[in-house]
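We call the chains A, B and C, going by the order they appear; numbering starts again at 1 in every chain.
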Amino acid sequence: MPDWLTDLPLVDHHCHGVNGTTVDRATFEDLITESDRAAPPGTTFFDTQLGFAIRRHCAPILDLPVFADPDDYLARRAELGPAEVNARLLRASGISDYLVETGHKSDEILTPQQMGDTAAAGYGEVVRLERIAEQVAGEGDPADFVVAFADRLDSHLSAAAGVKSIAAYRCGFDIDPSRPSPDEVADAVQQWRRSTPNGTPLRLSDPVLVRHGWWAAIERAVPIQLHVGYGDPDVDLHRCNPLLLTDLLRLARGSGASFMLLHCYPFHREAGYLAHVFEHVYCDVGLAVTYTGAQSAQVIAESLELTPFGKALFSSDAFGAAELFHLGALLFRRGLARALDTWAGADWPPHEQQRIATMIATGNARRVYRLDQMATTTFGTGP
Amino acid sequence: MPDWLTDLPLVDHHCHGVNGTTVDRATFEDLITESDRAAPPGTTFFDTQLGFAIRRHCAPILDLPVFADPDDYLARRAELGPAEVNARLLRASGISDYLVETGHKSDEILTPQQMGDTAAAGYGEVVRLERIAEQVAGEGDPADFVVAFADRLDSHLSAAAGVKSIAAYRCGFDIDPSRPSPDEVADAVQQWRRSTPNGTPLRLSDPVLVRHGWWAAIERAVPIQLHVGYGDPDVDLHRCNPLLLTDLLRLARGSGASFMLLHCYPFHREAGYLAHVFEHVYCDVGLAVTYTGAQSAQVIAESLELTPFGKALFSSDAFGAAELFHLGALLFRRGLARALDTWAGADWPPHEQQRIATMIATGNARRVYRLDQMATTTFGTGP
Amino acid sequence: MPDWLTDLPLVDHHCHGVNGTTVDRATFEDLITESDRAAPPGTTFFDTQLGFAIRRHCAPILDLPVFADPDDYLARRAELGPAEVNARLLRASGISDYLVETGHKSDEILTPQQMGDTAAAGYGEVVRLERIAEQVAGEGDPADFVVAFADRLDSHLSAAAGVKSIAAYRCGFDIDPSRPSPDEVADAVQQWRRSTPNGTPLRLSDPVLVRHGWWAAIERAVPIQLHVGYGDPDVDLHRCNPLLLTDLLRLARGSGASFMLLHCYPFHREAGYLAHVFEHVYCDVGLAVTYTGAQSAQVIAESLELTPFGKALFSSDAFGAAELFHLGALLFRRGLARALDTWAGADWPPHEQQRIATMIATGNARRVYRLDQMATTTFGTGP
């Protein structure tokens, strides 16, 4: 890998916070899988591409030999303590800026500002549309929901860089994508509240309200992150093929909003097609890079078949374990190095390789999220 | 790359004509993307696999240094003039014969004969079923459509090598594939004409009439090209997975017609499966090779996993820019060389490699399209 | 390839028997394709990845030069005789144990015991759910079907290692996966018998009875093999994407049953996702490895992106021709060697590579099928 790629700053345009406590082996294994159950007897999530990548690449950051035993790794992790582990792994990642999505278990992880402090990096926030709806829907009259949602969203967007939708987890993409009327929205909120038992938190799954969130964001012409593809077993994976978004993307042309397709595996070629033909679509293979480990170079190369170099981004989609940030960045660099080496032969001039790598690593995110205009972050001050 | 592969003649079994005029940068960028909009601010379609391939491989053909700047490239292109640019790029491609599909914007591009003259190569024509229907439907009584369509098709087929259907763009493949009755066809034509405002050109999208075209071709036992997969944003890509053609392929067994699945990306493995199990199915990865540029070697290798070597073909699907022909051929050679190198190790005898490469490059097309029996072309006289 | 990988024993957890007779070229070509028709004029199934692999790797086992001509190969095959050919190819495969599925044309092939004898290897049986239903349904009163099916299944399972379902071939996976009631089952059997003409063998395709078989197996907490993806043209391939099994997998959590997804191509990444997030899901790329030949290394690498190393298995899915067993094993070793070489660089310790390869080759199958507890086989006595 050339030095310039080792040292290239990265904007992680979609991630969550790290956990600030010491975790036992069971909890750590849960952080390194998308499964919601323990590995079956006789197996461990350390025996995966991700587990091998942790032992290979993270162990030395904690002063352990390469391929340290999992129990030794966790013992050393506990010995150093979470603050030291997190600081070492995050700072060594070379991620210069973190856009932290705060809608998932935010009480268990560091805030965006704490992330910036721990990593000595810039930071910003991305807000989850469905979380805002769940907060607002419980507060007032259903008839006031549209206005209250708009106010809350605008309030968040005064500081946040964009929004995120987890429609993939709640209703899938094979829905009517059109904008619902205010009456439809009010009826859906009323029905939602009625059907939720007292004391149970509101959990949004009604496509009407998912679409309402989308269109509120489209109207505001902001970057809209969409979880696409691979995730935990709550997902009906065949219902979140990004091609099912085609009609939504057509409807939103000319709005000024951008659609940021996240992860996308195993539909990353389909996502690349959308990023190629629709001027307002962008994509990454975050999460998939981390989980496919040593094999991620192929996934990265495939994601750059049709995706214009000005439309591809870097993300880790890391949550909880600092290892996921570290590996997201390291494997991205290695995969991009392998791809460039394969493609370029002796033919692509180094400065052209560096130019497109920089676009993907930082430039595209800075432009689309307008990061240089953000007042509330420290973008640009990272390593 | 071995010399024999560099020099291997190619039958381009599906392409369009080149543009004969000087184009400005915006027009040229439009010719090197499947998008129907300009690249968004801050980006350019030169920053894609295809754009990089043009700067790498086509610039030297125009006497420019490798990786010439896009503006320099277009200035040199204008300086040489379209006739010289087209002749240089086409003749250097090593394509010996062009099967030109004439149903798309044929007034903007060279005719098949002009293509043959410019390229100093053989040529033939493929006619578009939907275009014939659009011409015939406006001319007489709807009740006469079936006969008029048959007459027009037969007239074309007295010279043309086969037919093409763009059902993928008009209604997708998730339709009843059976042959419609003459009454259904007549009703559909009448309804179509009634619903088209006066002065508006007829545009076929009714599945009944698409199917009618398919079955007219099946009855005539000719090669039927089908656009499959990747294309412009008019396509609902998830509705043109070739597996959705399975029932049609079953119904057409024994008819003598052959189905030529074009492009197929990202469903080229699915297409390979169909070519393997159905005796009358063939496939290529044209268009995808050109657009995936330096990464196309992987796509080509994948397309040859299940596809029998006697069922795979070469095409460029180029339209407008001569660069697309040149790169379609060059990247096909390079990708096939890489695949053979990976597969063969020291194990596959050179004459066996050459034998299957020749089948894919020319032999399969010559056999299926019966090119050696065509009276109206100059097949076999190319370089 | 390292010696340890060349010598690694393999449990073939899903295969059929070999043919014990001399076959002519047409019959042999039929055994080396998933098509149900002859190759079209001008082509042969020897000109495929599989055909090339046979000529490259199997010819020397029969004392022929590498890349012997197909006719010479078949002549030598006839000269040696089926017993010698089968013994040579099977014993040279290094497969130590065969789990033979007996539900497909079992009168044309060797029994599990004959397979063990011929190969000098351990063997066991896997029974086909749909075959049991077809046998039982014809025998008594439809109202007694549920009990009779249970008795027959229990009888088989006293010796068999698990069950297999070919739902993919009969109704696809896009069906309601819930357990049918006894009344629904009895009605379905009655309807099935009524609609089958006298003298015609019963052929199960009713989803109600497919689901009944699944749930009988789930209740018994046994390994359930499911044909997924690639197969012959009877399959509607788009209806056997394993993601369509998601709801079934959710319903069967905690049952103790394991789901063994077979073949999976071209949906092997989707299968890997399911094996990652569902604790009771396992997968292989058998059949696809054999048929993609020299290109199978990529398929194997892709199948190990998300699949935990403790969830991946080896199978050949071979039927009829001993070449398919031999190549299934040989190509699996070569593909795994290539993948480990790519992933490991200088980084993965040899003992860790050997540990996970052994899990995939034998350990996972031994654990999930509880092979060491089987009384009726000779597991562990193979080479």
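A few points about this structure:
Here is the rule we go by: a residue touches a chain if its C-beta (ideal position, glycine included) is under 8 Å from a C-beta of that chain, and two chains touch if they have at least 3 such contacts.
Keep in mind it's a predicted model, so treat the numbers as computed, not measured.
In the contact between chain B and chain C, the residue numbers used by both copies make up under half of all numbers at that interface. In this entry, chain A maps onto chain B through a rotation of 120 degrees when their C-alpha atoms are superposed, rounded to the nearest 5. Per-chain Cα centroids separate chain B from chain C by 38 Å.
Counting partner chains per residue, chain C has residues 298 touching two or more of them. Chain B contributes residues 33-40, 42-45, 47-49, 52, 56, 66-67, 230, 232-233, 236-238, 265-266, 291-295, 298-299 to its touches with chain A in the complex. On the chain B side of its complex with chain C, the touching residues are 241, 243-244, 246, 250, 253, 269-270, 273, 276-280, 298, 301-302, 304-306, 308-311, 339, 342-344, 347-349, 352, 356, 359, 367.
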